[in-house]
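Paired with chain B in one complex and with chain C in the other, chain A is shared by the two complexes that follow.
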Partner chain A sequence: MNFAETLALVWRKDMRIELRSKDTLVTLVLFALVMTMVFTFGFANDPQTNLRVFPSVLWANVLFCGTLGVGRTFAREARDGAFTALVLSPAHRGAILAAKTLVNLFLTLVVTALTTPILAVMLRVDLSDVAGLISAQLFLGAAGFALVGTPLAVMAVNARFAEVLLPMVVFPLVAPVLIAGVTGTASILGTIPEQDPRPWFQLMIGFDLVYLVGGQFLFDRMVTE
Partner chain B sequence: MNLRLALVALCTVGVVAGHWLVFDFAPIEARMGVVQKIFYFHVPSAMACYAGFIACCIGSLAYLWSRKGRWDALALAGAELGLIFGLIVLVTGPLWARPAWGVWWKWEPRLTSMALLVLMFAAYWVLHTFGGTGEGVRRFAAALAVFATPNIYFVHVAVEKWKGMHPEIEDKAGSGLSPDMRIAFLASMAALMLLFALLLEQRYRMHLHARLVGALRRRIHRLGGDV
Partner chain C sequence: MPGPAFESVEARKLGRLYDESYALVDVSVRFEAGTVTALLGPNGAGKSTLMGMLSTALRPSEGEVLYGGRAHDENDPWLRSCIGYLGHRPMLYGELSATENLDFFGRLHGVRPEATRHWLERVGLTRAADRPVSGFSRGMAQRLALARALMSSPSLLLLDEPFTGLDPEGVRLTKSLVAERRDAGATVVLVTHDLAVTDDLASQAVILRGGRLMHAGPSGGDLAGLYRTHAEAKERRTS
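Moving on, here comes the complex of A and B:
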């Protein structure tokens, strides 16, 4: 079985389980809505303040939902030795990682696509002119998050306190993406003097590429049978 | 053994002499006053911190490839020392910043990068120490350390760009040293790096021995003995 076949197989398996139970997706969407409410209560003020806090709220939402989602990556495999079976199978481990990353990215994107408009409405920020740019940015940011978070989620299988440790491990690592996201969104919305979001796009693309290659390179060595 | 004793003696002399040079020999800086003396500890600590994290990265990489426990011990020792010296940097920094800049903390590129770096390796340390003792955890922690390495670059770029928008007054603490200050600085640096190397070796051996004791204990247990 080659790389693409394994990838497709694992992706189909995970998506089928997810679409049948919908547990991760529903939980994430509800969590994101609650976060949106919390932020709105915390900040909602005059339109000027709302516009200023919007980038931070948006990216905090992506960060929290992303972490929750990533933490569930291997939750199903953690039981009944399923992870061992997956790793022991002759399947290419990089392909397993790639499929898991894509599932995570997909879930994060769905949740973000659902909650970003709600957030914009609640904070009364008009995104209609910049929707394309912000979407591109959210995609790159969510990709960076999935690329860093997914290989690290293996921890859930063999470490104690994994649910506490994972965010602690992931947050500092995705700090560059977060900085690029918040500042880039702010520059697109025009709330900071620097109006050019291009360097932030470059940073995110570079980050995504490095961790795309790095994950493939390391994953094989970091999992134990 | 004798070499180590000699090095410990040298280090002791170096640290004492370094303190004398810093506090008595080097002149008091005209503009900042006595606060500038923090610089003699702050910068060498930052170097030791970097050295510790580099040791951690090298050890982790070698462990992932060779799977020999001693590399993991080196990585853990490096992370521990890097964290200790990193904390010294993060404590002495604000102590210096308050009189020099008027604030305890500033989101200045170097400060921010250092704080994030320390957080990353703190995560490594916590994982390694509390995550369990299996090989899976060790392997994972090693991968994490390797994973964090390119991040140092990204953090640096991101933070620099992020703050580059608001021009800040750069501190020139390192550039304008008088010859006497330079001597004190170099002596302090040498003493601290030697201390770092000795501590690293000590911690490394300690981890190796701890592992050996653990393995022996398990063996005795298997043979039905009591420890």
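Moving on, here comes the complex of A and C:
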């Protein structure tokens, strides 16, 4: 099987399981909604304050949902040992990683697409003129999370205290994405003096490319204990 | 059917360190094609560690494994395509049906799609083909896991406790499928505690204790006797 066929096969298998169990998606959506409620009820009705806190709240949602999502990447495989059968197959391991990364990206984007409008409405932030830019940023940020977190989630298969260990490793590594996301969104919304969001876009694209290539190189070695 | 990919599998001075203690120490043993070797030993002897290294799932801390007299990169897809591995756990997806599981793993191994139906029939799961594996009994899951390991016609078949959870009919079926693979020229290594069940199947025996090799050679049709001599006797002597 070539790279694309393996990627498609693993993606279809994961999505079929997710559509049947819905456990990851439901967990992420509920978690994101609770986060949204907690944040929005905590702020005053002052539109200027809401506009200023919106980027932080938005990216905190991405941070926690992204981390929760990647932690479950190999949970099913680990439970019954299917992970071993998967990585011992002759399939291209880079394609397995790519499929898992796309599943994580897809789930994070679904959750973000559901909760961002709710967050905007509840904080009364008008995104109609900047929806395209914000969406592009969220896509790059979610991709960064998936690209960093998915290969690292392999350690959750075997490590003790993996639920604690994974966020501790992922958070520092995704810090550039978070900083670029929060600052870039604030630039787009015009709440900080720096008005040009392009450097933040460039930073995110560069970050994503580095981890895309790095993950493909390292994953093969990471799956052998 | 094509012949086996290699004539032997050889572990050379294998050692495996976990944290600060060795699970396997200086183990050298050769497994010939067309034979079934029973890998025996008490709990914690290092059997699963050795199986893990033969399967390429575990990286040796010391030594190497030669497949057909050659060392291979552990990440070589060709090598992985030659190995069928059945571990302690079924290694299946509970949310998928039996058919979907075999389809998935079969395609990863480049097996023809028709093989799924064939193997479901061989392991007697045709009627349960469309049921999710999470609802299977331990024995049914074990039969399906055996089909998964065998469907790519592996040259090296590694079976860790294959008789677990099986009824007498399942045991007979497993033995006949393993014998079939052996007769096709595959190297078969089988970890078991069911010595009586394996007696007529395994012509070779390897006994480990405390991570060290105690015996490697013909089984002589008396695995229980060999085990008493090489594993239990040493235990009594040291206690």
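Just so it is clear, the second predicted complex is superposed on the first by the 222 of 225 C-alpha atoms of A that agree within 3 Å, B and C clash if a C-alpha of one lies under 4 Å from a C-alpha of the other, contacts with A are read in each partner's own complex, and residues count from 1 in each chain.
Here is the rule we go by: contacts are C-beta pairs under 8 Å (C-beta built on N, C-alpha and C of every residue); 3 or more make two chains touch, one makes a residue touch a chain.
The shown structure was predicted, so the numbers you read here are calculated from the model rather than taken from an experiment.
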For A:Ile205, select first, second, both or neither according to whether it touches chain B, chain C, the two together, or no partner. neither
Could you look at A:Thr183 and tell me whether it touches chain B, chain C, both or neither (first, second, both, neither)? first
Looking at the overlay, what does A:Val130 touch: chain B (first), chain C (second), both, or neither? neither
Pick one for A:Arg16: touches chain B only (first), chain C only (second), both, or neither. second
Which partner reaches more residues of chain A, chain B or chain C? B
So, does A:Pro90 touch the first partner chain B, the second partner chain C, both, or neither? second
Looking at the overlay, what does A:Leu114 touch: chain B (first), chain C (second), both, or neither? neither
Of the partners chain B and chain C, which touch A:Val29 in the superposed model: first, second, both, neither? neither
Residues of chain A that sit at the chain B interface in one complex and at the chain C interface in the other, please. 221, 224
So in the complex, which bits of chain C are touching chain A? 52, 55-59, 74-75, 77-78, 80-81, 83, 85, 87-96, 100, 104-105, 107-110, 148
Using the touch rule from the top, collect the residues of chain B that touch chain A in their complex. 64-65, 116, 119-120, 123-124, 126-127, 130-132, 134-137, 139-140, 142-144, 146-148, 150-151, 154-155, 157-159, 161-162, 165
Given the complex with chain C, which residues does chain A contribute to the contact? 1, 6, 9, 13, 16-17, 20-21, 76, 79-82, 84-93, 220-221, 224-225
Under the touch definition given earlier, write down the residues of chain A that touch chain B in their complex. 148, 151-152, 154-155, 157-162, 165, 168-169, 171-173, 175-176, 179-180, 183, 192-194, 199-200, 203, 206-207, 210-211, 214, 218-219, 221-224
